[in-house]
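Next come the structures, one after another.
The same subunit A turns up in both complexes below, where it pairs with subunit B and then with subunit C.
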Partner chain A sequence: MATIDYAHVIASAREIRARAARWRTARANVPGLLLRLMSIVLFLLVWSAFSLLPWAVQVPSPADVLKAALRLDAAEFAHDLFLSASRVLLGFVIAAMVGIPLGIVIGYSQILRDLLFTPIELLRPVPPIAWIPLAILFFPEIDWMIIFLTFYGAFFPIVYNTVAGVSNIRATYIRAGQSLGASQWTLFWEVVLPAALPVIFTGLYIAIGVAWLMVVAGEMIANKGGVGALTWQSYQTTQYPMIFVGMASIGVLGYLSSLVVRGVARLIIRWEP
Partner chain B sequence: MNDSVAAAKRSALHIESVGKVYESRQGRVVALESCTFQVKPGGFTVLVGPSGCGKTTLLNIIAGFDSLSTSEVCLGTQVIASMDGVLQPGPDRMVVFQHGGLFPWMTVIDNVCYGPVIQRTMAPRQVRAAAQDMLSRVGLSGIEQSYPSSISSGMRRRVEIIRALICRPKILLMDEPFRALDALMKSIMHDFLLRLYEAEPFTVFFITHDLLEAIYLGDQVIVMTTRPGQIKQIFDVKLQRPRSHRMLASREFLRMKRAVTEAVHEEAVKAFIAGERELA
Partner chain C sequence: MQQKRQSYPLLRFLSLAIIVAAWDLLVRFRVYRFGYIPSPESVIAAGAQYLTSNLFVTDTLASTVRILAAWGMSAVIGIPLGLMIGWKRWFSNLTFPVVELLRPIPPIAWIPAGILFFSQIELSVIFICFIGSFFPIVLNTIVGVRLIDRTHFRAASCLGARDWEVFRDVIIRGAMPSIVVGLAVGMGINWMALVAAEMIAGDRGLGYRIWEAYSLAQYPRIVVAMAVIGVIGAAMSVVIRYLGQKIVPWQPSTMRT
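Up next is the complex of A and B:
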């Protein structure tokens, strides 16, 4: 039987594919990058045009916003960023630490699903923002009130996706595991969990967005530091350009934290192409 | 002692009047009815039948994924499925799955080593060496560190077969393993499986609806009826081994093809008419 040297075939196929990909990205990225830069310029132009129009409310121009940002006390601004980011991180991490194990047991065991899932399903339609009054009553400490709201917002997407990930595993993987001789415990750790990971990470990705939504809502109500409070105070003190600074920093922080979650997912779920 | 008892003792897999009934809201569905046959030790038995006749149900019962309603299944002298309803899948019956059962989160080498490692039949380092050796013997070295998603579907099938064989099962259960492959890849896979089998015969129970595949691979071809699945006819394939492409045009092959086609076609027509009636 003639054997084919697959290693060699694969290596050369990989090389060809990599070369083609490099060429494609080199060719495609130049106009792509240019277009993306142009879209930012266009966005700023449209914004400037709006600020020149006689509106009921004066819209600050990009230049006004930049000037306002430069006037900011750097230390105070950094503190606001830190406050919001740490609140999101705490709420999100607690939500993941509670939500993932809970989702796993609900997804894996019918008894625990019957026992635990109904209250969660009843709570889910209540928008997290509706919890603000109760959160204020529960947590006299402002920081914990905001962290609770962040946790609560992040909790549901994490639980729901974990349940979906665990309960929709292809039966073939479980059967293959059983057939190969895996015990219940091994099957759970080495088959069920890795098979569910991609869907669990989808939940985390959605949750980090909701966490930012909730931290801003909480900070606007509490008015004790953070980018949400910065935005709200700027409105109250009629510093309109500063509202935009606050909004932009929320946007940037939210985007960066999504990138981090996606990066961690890529690092862990290495098998997905 | 009568002949059938003696035959049962000599067989690797022994199935006698096995039945399966599903109770559903629409009523009782008889999936399998008094199926009786044996697979010889080192024998290659292929089960063919129209879609939905209960082939996979039978395989799942043997594998321990599904329960049976009547009688029992023996592997050698051991009862592996009985009416007590306790499912006991295990490494003595390895399954190669229709849609592929490699774990996508493990590299090729980890997939192949998985069985012996969790069964603790060998030390991890020995397993690795054995796996590497088996992969290279079948021309699959160089992909050990790849994930299944980055190798071709034909390679995935081969790795899955190796993953099953490295556990040295008493019987290899194959559930239409080449169904999703194109004709060319299918014929490559047939030869791959035949070379492995002919070098060191293991016991195989293979399911397919492809008659030519059944005759080309098997020593024994069992034709199943449409639902309720029963054994219609058992053919012995008298093609010698090692098998080769050239036999596909031999007189014996064509004779078998005619006989098996006739048996299966009748059932396929019945299944078709039954389907029409169900829709009407």
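Up next is the complex of A and C:
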């Protein structure tokens, strides 16, 4: 006698229903997807049309840009990308290593806040880019000059967010920890740090964007190696389509690195949606 | 940890005094490469000279006009765009992909393209600053609309609000706090972009003055111009915060940029 495995039937019925629902939402999304695709296509069309205007003859069309990208010397281009990315990474890592402990200490103690945060607050309104000439004077090597600039740009969002994260912890969390008999040390590792980490990562996310901005500015001024220099030299040598190749590669690298920061944040911070 | 703790103004003053003294000593004894950095005294002397000159007035005026023009333009274009993207799904599908495509490109990377687009220096500098403040304003506006409580929309519909009434009374008002944040952040990035654009492509203005001082080896003037930029930038963000409080009085003053 054949027995009916009810559990299996119910499960497969559920599966079918779920699949149908997925299909329905996918179909409902089709116009949306089409519109989104159209958005990009329209953008490229408008850009092409713009490049045909008589007073914009210097502006290359998307096709010109694609052609320039294909003509690129791969090894040299890869070297430029690597150079910029490593400068960003180094400056960013140093900024995190200095900025996070500093922010924690400032968030913890009012005395240290008065001592250490005052100069930081005073320097913050000066855009990091304005430091370029002093950085050139101070660092004889271009590499260290640019790494300093990326460090400096990334430093402020990291410190500010860490301070905010540590000093805005709910007082009840601290009191709960204390009444459960946590030592200062446990309190820091088990309460303060987990509560502050999401805010710290917001700072890191902003910082990596600023670091890319700084590397481009530094490389454009130094004009020696990296995607920023590539973009600027393309302008100087009137290879205009290459400007846009440089911009696009900066955009892609910047986007990828913020994806990485976000991914790491998700891996580490599992307690926050 | 939330309770207000005692702050010691004396300690803050001491901190700054230590920094300035360290700066002076490092330059005086030419520690490492500090010999190349201008000393505090030379900066004060250069400041006294620059701040009383005509150049200071024209530079400040040129930079401020550029900043305000770019900022105003990105607000006029960015806020309605962000409101529409946040409000209407089809509009979002149609325009947001392009915003997302261009957003990761930092404003500085637009400098050569900006020079290419506009033959005039003035317009290319304003364009680069515009790019800088446009994206934070659009994104914060979108976030502002998306964060509006759904019940507000339902309440408006129940009360018989038409589409444009929902737009006026629910969308604009609901997004306002976030728009103010976007405007403040945009102003900060505007200054970054301005300094870079004026350094690389400018003919006058505070950023250009920094670069000119460097090329003419008038190093103390670099620090003076940096300080002027810092003071004007800080003053502008104070004004934005104040106006933001006036416009959105229902929002607590926890605005961080």
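Note that in this section the second predicted complex is superposed on the first by the 237 of 273 C-alpha atoms of A that agree within 3 Å, B and C clash if a C-alpha of one lies under 4 Å from a C-alpha of the other, contacts with A are read in each partner's own complex, and residues count from 1 in each chain.
By our rule, a residue touches a chain if its C-beta (ideal position, glycine included) is under 8 Å from a C-beta of that chain, and two chains touch if they have at least 3 such contacts.
Quick caveat: nothing in here was measured; it's all calculated off a predicted structure.
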| item | value |
| --- | --- |
| First, second, both or neither for A:115, with subunit B first and subunit C second | second |
| Touching partner for A:63 - first (subunit B), second (subunit C), both, neither | neither |
| First (subunit B), second (subunit C), both or neither touched by A:182 | first |
| Partner chain in contact with A:250 - subunit B first, subunit C second, else both or neither | second |
| Partner chain in contact with A:260 - subunit B first, subunit C second, else both or neither | neither |
| Residues of subunit A touched, compared between subunit B and subunit C (which is higher) | C |
| First (subunit B), second (subunit C), both or neither touched by A:97 | neither |
| Which of subunit B and subunit C A:271 touches, first, second, both or neither | first |
| Footprint overlap on subunit A, where subunit B in one structure and subunit C in the other make contact | 170 |
| Residue ranges of subunit B in contact with subunit A within the complex | 63-65, 89-91, 93-95, 97, 99-106, 114-115, 118-119, 139-143, 146-151, 155, 163, 167, 195 |
| Subunit A to subunit C touching residues, read off their complex | 32-33, 35-36, 38-40, 42-43, 56, 58-59, 110-111, 113-116, 118-119, 122-123, 125-134, 136-140, 160, 164, 166-171, 174, 209, 212-213, 216-217, 220-221, 228, 231-232, 234-235, 240, 243-244, 246-248, 250-252, 254-255, 258 |
| Subunit B-facing residues of subunit A, complex | 1, 3-8, 10-11, 170, 172-173, 175-176, 178-183, 186, 190-191, 194-195, 197, 269-273 |
| Residue ranges of subunit C touching subunit A (in the complex, touch as defined) | 1-3, 5-8, 11-12, 14-16, 19, 33-34, 36-37, 89-90, 93-98, 101-102, 104-113, 115-117, 188, 191-192, 194-196, 199-200, 207, 210-211, 213-214, 219, 222-223, 225-227, 229-231, 233-234, 237, 256 |
